[in-house]
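Next come two complexes, and both contain chain A; in the first it sits with chain B, in the second with chain C.
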Partner chain A sequence: MNSKIINSIKQFVIAVLTIILALAVGAILVWISGNDPAEAYTTLFRGALGSKARISEVLVKMIPLTLMALGMSIAYKAQLWNIGANGQLTIGAILAILPGIYLGLPTVILLPLSLILSIVGGALWCGLAAWLKNRFNANEVITTLMLNYIATYFLAFLVYGPMMDPDGGGFPQSKVLPEAYHLPLFSAQMRIHGGIVVAIIVIIMMFFFWRTKLGVKIDLIGQGDKIATYAGVNVKKTVMVAMLISGALCGLAGWNEVYGVQYRLLEGLSSGYGDIATIIALLGGLNPLGIVIASFFFSALLVGGATMQRMTEVPYSVVDIIQGLVIVFVIARTAIHFGWPQKLLRKEKKDA
Partner chain B sequence: MDNLAVSMQGITKIFNGVKANDNVDFNLRKGSIHGLLGENGAGKTTLMNILYGLYQQEAGDIYINGSKEEISSPIKAISLGIGMVHQHFMLARPMTVVENVMLGKKSRRGILLDTKETAAELKELADKYKMNIDPYSKIWQLSVGEQQRVEILTAIYQGADILILDEPTAVLTPQEAEVLFDMLRHMKADGKSIILITHKLEEIISIVDEVTVLRDGELIGSKLVDEHTTKEELTKMMVGRDVLFNFDKNKKAPGAVKVELKGLSASNDKGLPALTDFNLTVHEGEILGLAGVDGNGQKELCEVLTGLRKADGGQFLFKGKEVINQPPVFYINSGISHIPEDRMSTGLALNWSLKKNLIIKKFHKAPFLKYGLLNQKAIDAYWDKCQKEYQIKAISGEEHARALSGGNQQKVILARELDDHPEMVIANQPTRGLDIGASEYVRQKILDARNEGAAVLLVSADLEEILQLSDRIAVIYDGKIMGILPAGADTNTIGMLMMGHKQEEEA
Partner chain C sequence: MLSSIFTVGFLVSLLAGTIRLATPILLPALGQIYTQRAGILNLGVEGTMTIGAVAGFSAAYKTGNLWLGLLAGMFFGMLWSLIMAWLSVTMRANQVIAGIALNILGAGTAVYVYRIIFGVQSLPPQVTPFAAVNIPLLSKIPIIGQIFFQHNILVYLSYVMVFVTWFILEKTTFGLKIRAVGEHPRAADSKGISVAGVRYAAVLIGGLYAGAAGAFMSIAYMNLFTESIVSGRGFIAVSVVIFARFMPVRAMWGALLFGFASALQMRLQALGIDMANQLMLMLPYVMTIAALIFASKKAEFPSAYTIPYSRLER
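Take a look at the complex of A and B:
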């Protein structure tokens, strides 16, 4: 037990160091661009957490990011490199909005139905990559990435074509959902909406997930096909299930964006959340609590970065750079964590 | 000092605060074969890696042919005439022998390769030591024994007068080992000095002139080996206590037939036949030893019997029922335990805790799963029980399997595979890479399982192990059973069968 706690603390410290390092390098860049790093970061911090409304904005971003990062973590634990979160979110969102725009169902039926559709959409989109992997041994990195493009352009086709809002003045977006279907707001002044309840439920479920039979199986296939098969786990089936769940959570994030934030389909709906979710999942060490913390950090960075750009001379691209730096450090850390010292250890052991 | 090829004095090497070598002295006389004996983890390879320049010692001095040297890299070692043949061969498989030798060597023809010249020199050298190697054959076409000869040849070609061999016989048949030893005797006669790292006592007694024993990183002693040297005395030096070489087999009459294989055939990973018309029976309460050189279908056989590989045809009767080509979980549930050949990738999830590795096949069953969640209490309790019963040396059950020594890793697997009183045990190379103490333990546990009534299929390339444990001995060659012999059969007979010579042909 003790070593477990020490391990978690270690992971947390490393994650914090990663972020501090990224911020420090970011500060140098701000300074080079002729601005005051202290001022920039103060503005960024205030912009993210300076008021209730700001915090609400952070939470609004946190919902899809957390859902997707949790989804990613399930695939990653199985060593399945699903990087198709954007596409899965998009397909989930498209399926989810259809009944809202075209069917006119009562809200109590529509909301659960659309939620299920979003899950099915995301799951199938990711499941397709899993099927290709199982059937043809197609690398999921390639397939999920390619499926992103298909989803993105399919969405563009819809909002420029059959689903374009006739009264939208030619903007690439669909009709707005009737107000009755919008997820309830907690306060008229703030954008934080009922989707957070769904996110919290998912987070709680994820805290237990890795202790369930399925969770252990998924973890085990991540340890290698050989050991998993040896232990009696059906690897192909488990790959499929892990990818279905992974995609389902991304699809759910799509439902959340459509019914809680945008209320319509529009081009570029995923806003690249999927890529950030990937970083969050890794920075959070694939651990639900770590993911929630990392997701909070990134949401604050996104929201605060926008404010920083508005209030100071510092361009938003600094935020992108910080994100990029975090990726680099996370990868470096992953390499250190899983690669080099282990190899060294092995070497030493061999000689012993 | 003059007659010493190597003299290492007061060598200390520390890894992560642990002394792998603690003030070790080692002296190699010119023109002698020197055995370096010790259990796994005793520090033999560390000491030799220091000599070969792969590691730098924290303290101590090295003298080569009497002069003090700083061996900062293998290149330096080679220039001093030191060559090392590692346990795992460092050869490029798609390339020819001569190409491998030329790797990392400057060509005498500038930017052009001096393949012909080198090949001729190699051939000459190979003939001199009766190595029988064609410089133009590709590495992958060579047997393991031949590949080893290529490694030795390379070292000598590079000018090695001091040759370090790390467990050279671990991969060889008894006959191949004899060939190797003959070669080594030739080299010795030629004035070369040889260090043989090993934990096999027969080798020490049969070929070595002097032996140095290490234990836990410390020097236990050096002694000349003569006809009076006994295994028991060496073991005591190495292990620090007496070891039972003769197990009390407590032989009972075997029971009913538990496993019957009829006309089994299967392919290997390349799609080539690995088992053809394979027939075998194993009885309840019997250890059937399957002897054979690695790669003759043993692995495929074990995999077919545990559902990890599909058989192409034939019958697998388990307690009289046809059970061929079922999914692995079926065999697990039928009580067929499997101690796989490859601990590292098949037997253990290296990045999982030891506790979780113990329940890798039963996490979905009570008491380990309660209300749909892993029951940490039951898992902890099970670990405590197994750790005691199987004497697993670990700091805690949370430690990753990777962190353990080979012997302790194997104990974790034994605990998992034997604790549920299996109906059948398939043990594939169960003591490979383990030291004497751990091997003794593993063998005892396998005997215990047999005595409890399990049908045991013991697959091993280690003849001594087969002879010690088996109630009957089957020999596999090229995917077929060459013959079945009673316990205590003659090593030579088994060896001939292992090489593919049928008994009838001999007669």
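Take a look at the complex of A and C:
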């Protein structure tokens, strides 16, 4: 127990150092671009956390990113490389919005129904990849990637075709959801919405998830099929369940985007959150608390970065570079000390 | 509506467009055949191509020499993929994550470099692209000539590379080493083949091809550089490799299929025809999954696919 805490602290400190190192490189790049790094980072910081409204923006971004990263963490723990978060979000969002636009149900029924539909949509889209893996041994990296494109084009088909808003002036977007269905706002001046309650519930559930029987099973698969089989785990079934949950959380992120932020379907709904969620899951060490912290950092970076770009001459690409560097540093370090190849390191020790 | 589709002019421009649009998919796909056969899945091709595009454009613009642009694209594509090689071979990091990271980093770096070199301009700087080379006699053949023999030099070279790649992989010792390292690294190691060395080479060659493809986009197709210049072609290339079961000639057909889908969409759009072309653009991805089902069944993947090699591990 004690060593566990020390290990967590160590992980945290290293994660912070990683971020500082990436920010330092970012500062050099800002300086090369002929700008003042101090001013750039002050603007970035103020843009992210300078007022209640800014913090609200960070939270709005945090909701989908945290949900998706938690979803990714479940798959990644099982060594299933689900990179289809964007597609799962998209399908979840599409299924979720259908009753809202077409059925005219009372809000009390509509919101839970749409939430369930988003979960089902995301889960099925990811479950399809799991089925292809179990049944045909199809590499989930490629299938989830392909399913991203299929979902993206399907969304484009819908918003350019059958679901296009007839009064939308030809913009590729669906009709707006009736106002009664919009997730409640906490304040009229801010965009932070009721979806955060759902996100918090999921986060709390995730804290317990890894202690459940299912959580342990998923962890075991990650240690290798052989080990899991010896431990009496049905590998295929657990692969399926892990992927279903992973996709479900991404689908839920889609529900949040549609009912809490955009109130309609539009092209590019996922705005590439999937890749960032992947990074967050890893920087957070696949553990819920770590993910929430990492998600906060990245959301702040995204929101503050946008402000920095507006207010100063610093190119936004610096923010992309910082994100990329963080993850390169993380995997380079993970490979040496922690995480995946630990099995391997143990073996090396044994051999030595 | 249909009458405007079924004209000779439409078909000619459609097929010529197919061949041209297949090029920036074919090149990185050929490169990835080396990489993937050596057992490394590099999802970072997208980023490598963006780096190649900005390097190629900048060099061509500053020197006024398109060939120097191409060389710069290839060189920096290779240099960029060195990071992937280091992460995946030396650090034995997870290849999927490394690839995603390098895409984000690559896109950021390319845009940053462009901004540093060219600053903020109201009109994007342009280069005069490679001109079409009409092959003597052949290009004069009606229809066929217009479809096949009136492209720029890079298009022809890319299709020549199909043969070159096939030859290197199937007929040379180096190709044999690549396959050995991908199939059975331990056996290769015991035969005195440097697993790490061959894998580095395979990743770097992949970067070279991807960089060339990126340069193709900026100095032979778009004639300028934009942030979204690659727009998913790197990922398509990765899927084409799997679709093609790691064979160069099949990769050519795969690239042509994707080229056809996007050429058709562009042509229809030019005619102002409103068809559900999103569904059609989806088709190649569905077909890739289908191909994956068959490929996986026949176990045609290299045995050591995505698995880092360590001498100490058994």
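By definition in this document, the second predicted complex is superposed on the first by the 337 of 352 C-alpha atoms of A that agree within 3 Å, B and C clash if a C-alpha of one lies under 4 Å from a C-alpha of the other, contacts with A are read in each partner's own complex, and residues count from 1 in each chain.
We adopt the following convention: a contact is a pair of C-beta atoms (placed from the backbone, for glycine too) under 8 Å apart; a residue touches a chain by one contact, two chains touch by 3 or more.
It should be emphasised that the depicted structure is a prediction, and the values quoted were computed from it without experimental measurement.
Participant: Which partner does A:V216 contact after superposing on A: first (chain B), second (chain C), both, neither?
Facilitator: A:V216: touches chain B, not chain C.
Participant: So, does A:N234 touch the first partner chain B, the second partner chain C, both, or neither?
Facilitator: first
Participant: Quick check for you: in the superposed arrangement, does A:Q189 touch first (chain B), second (chain C), both or neither?
Facilitator: In the superposition, A:Q189 contacts neither chain B nor chain C.
Participant: What is the contact status of A:F136 with respect to chain B (first) and chain C (second): first, second, both, or neither?
Facilitator: Only chain C; A:F136 stays clear of chain B.
Participant: If you tally the residues of chain A touched by each partner, is the higher count for chain B or for chain C?
Facilitator: With both complexes superposed on chain A, more residues of chain A are touched by C.
Participant: Could you list which residues of chain A make contact with chain B in one structure and with chain C in the other?
Facilitator: Touching chain B in the first complex and chain C in the second, residues 348, 351-352 of chain A appear in both lists.
Participant: Quick check: in the complex, which residue numbers of chain C touch chain A?
Facilitator: The contact residues of chain C facing chain A are 41, 43, 83, 87, 91-94, 96-98, 100-112, 115-116, 232, 235, 238-239, 242, 276, 278-279, 281-282, 285-286, 288-289, 292-293, 296-297, 299, 301, 305-306, 308, 310, 312-314.
Participant: Along chain B, where are the residues that touch chain A in the complex?
Facilitator: Counting only chain B, the residues touching chain A are 15-16, 20, 40-43, 45-46, 49, 55, 306, 308, 327-329, 332-333, 338, 340, 342, 345-352, 356, 360-361, 363-364, 369, 372-374, 395-396, 398-399, 402-403, 405.
Participant: Which chain A residues qualify as touching chain C in the complex?
Facilitator: Going by the criterion above, the answer is residues 29, 32-33, 81, 83, 132, 136-139, 141-143, 145-147, 149-150, 153-154, 156-157, 160-161, 275, 278-279, 282, 315-325, 327-328, 331-332, 334-336, 340-341, 344, 347-348, 351-352.
Participant: Please name which positions on chain A make contact with chain B in the complex.
Facilitator: Against chain B, chain A makes touches at 1-4, 208, 211-213, 216, 219-220, 223-224, 226-227, 229-234, 342, 345-346, 348-352.
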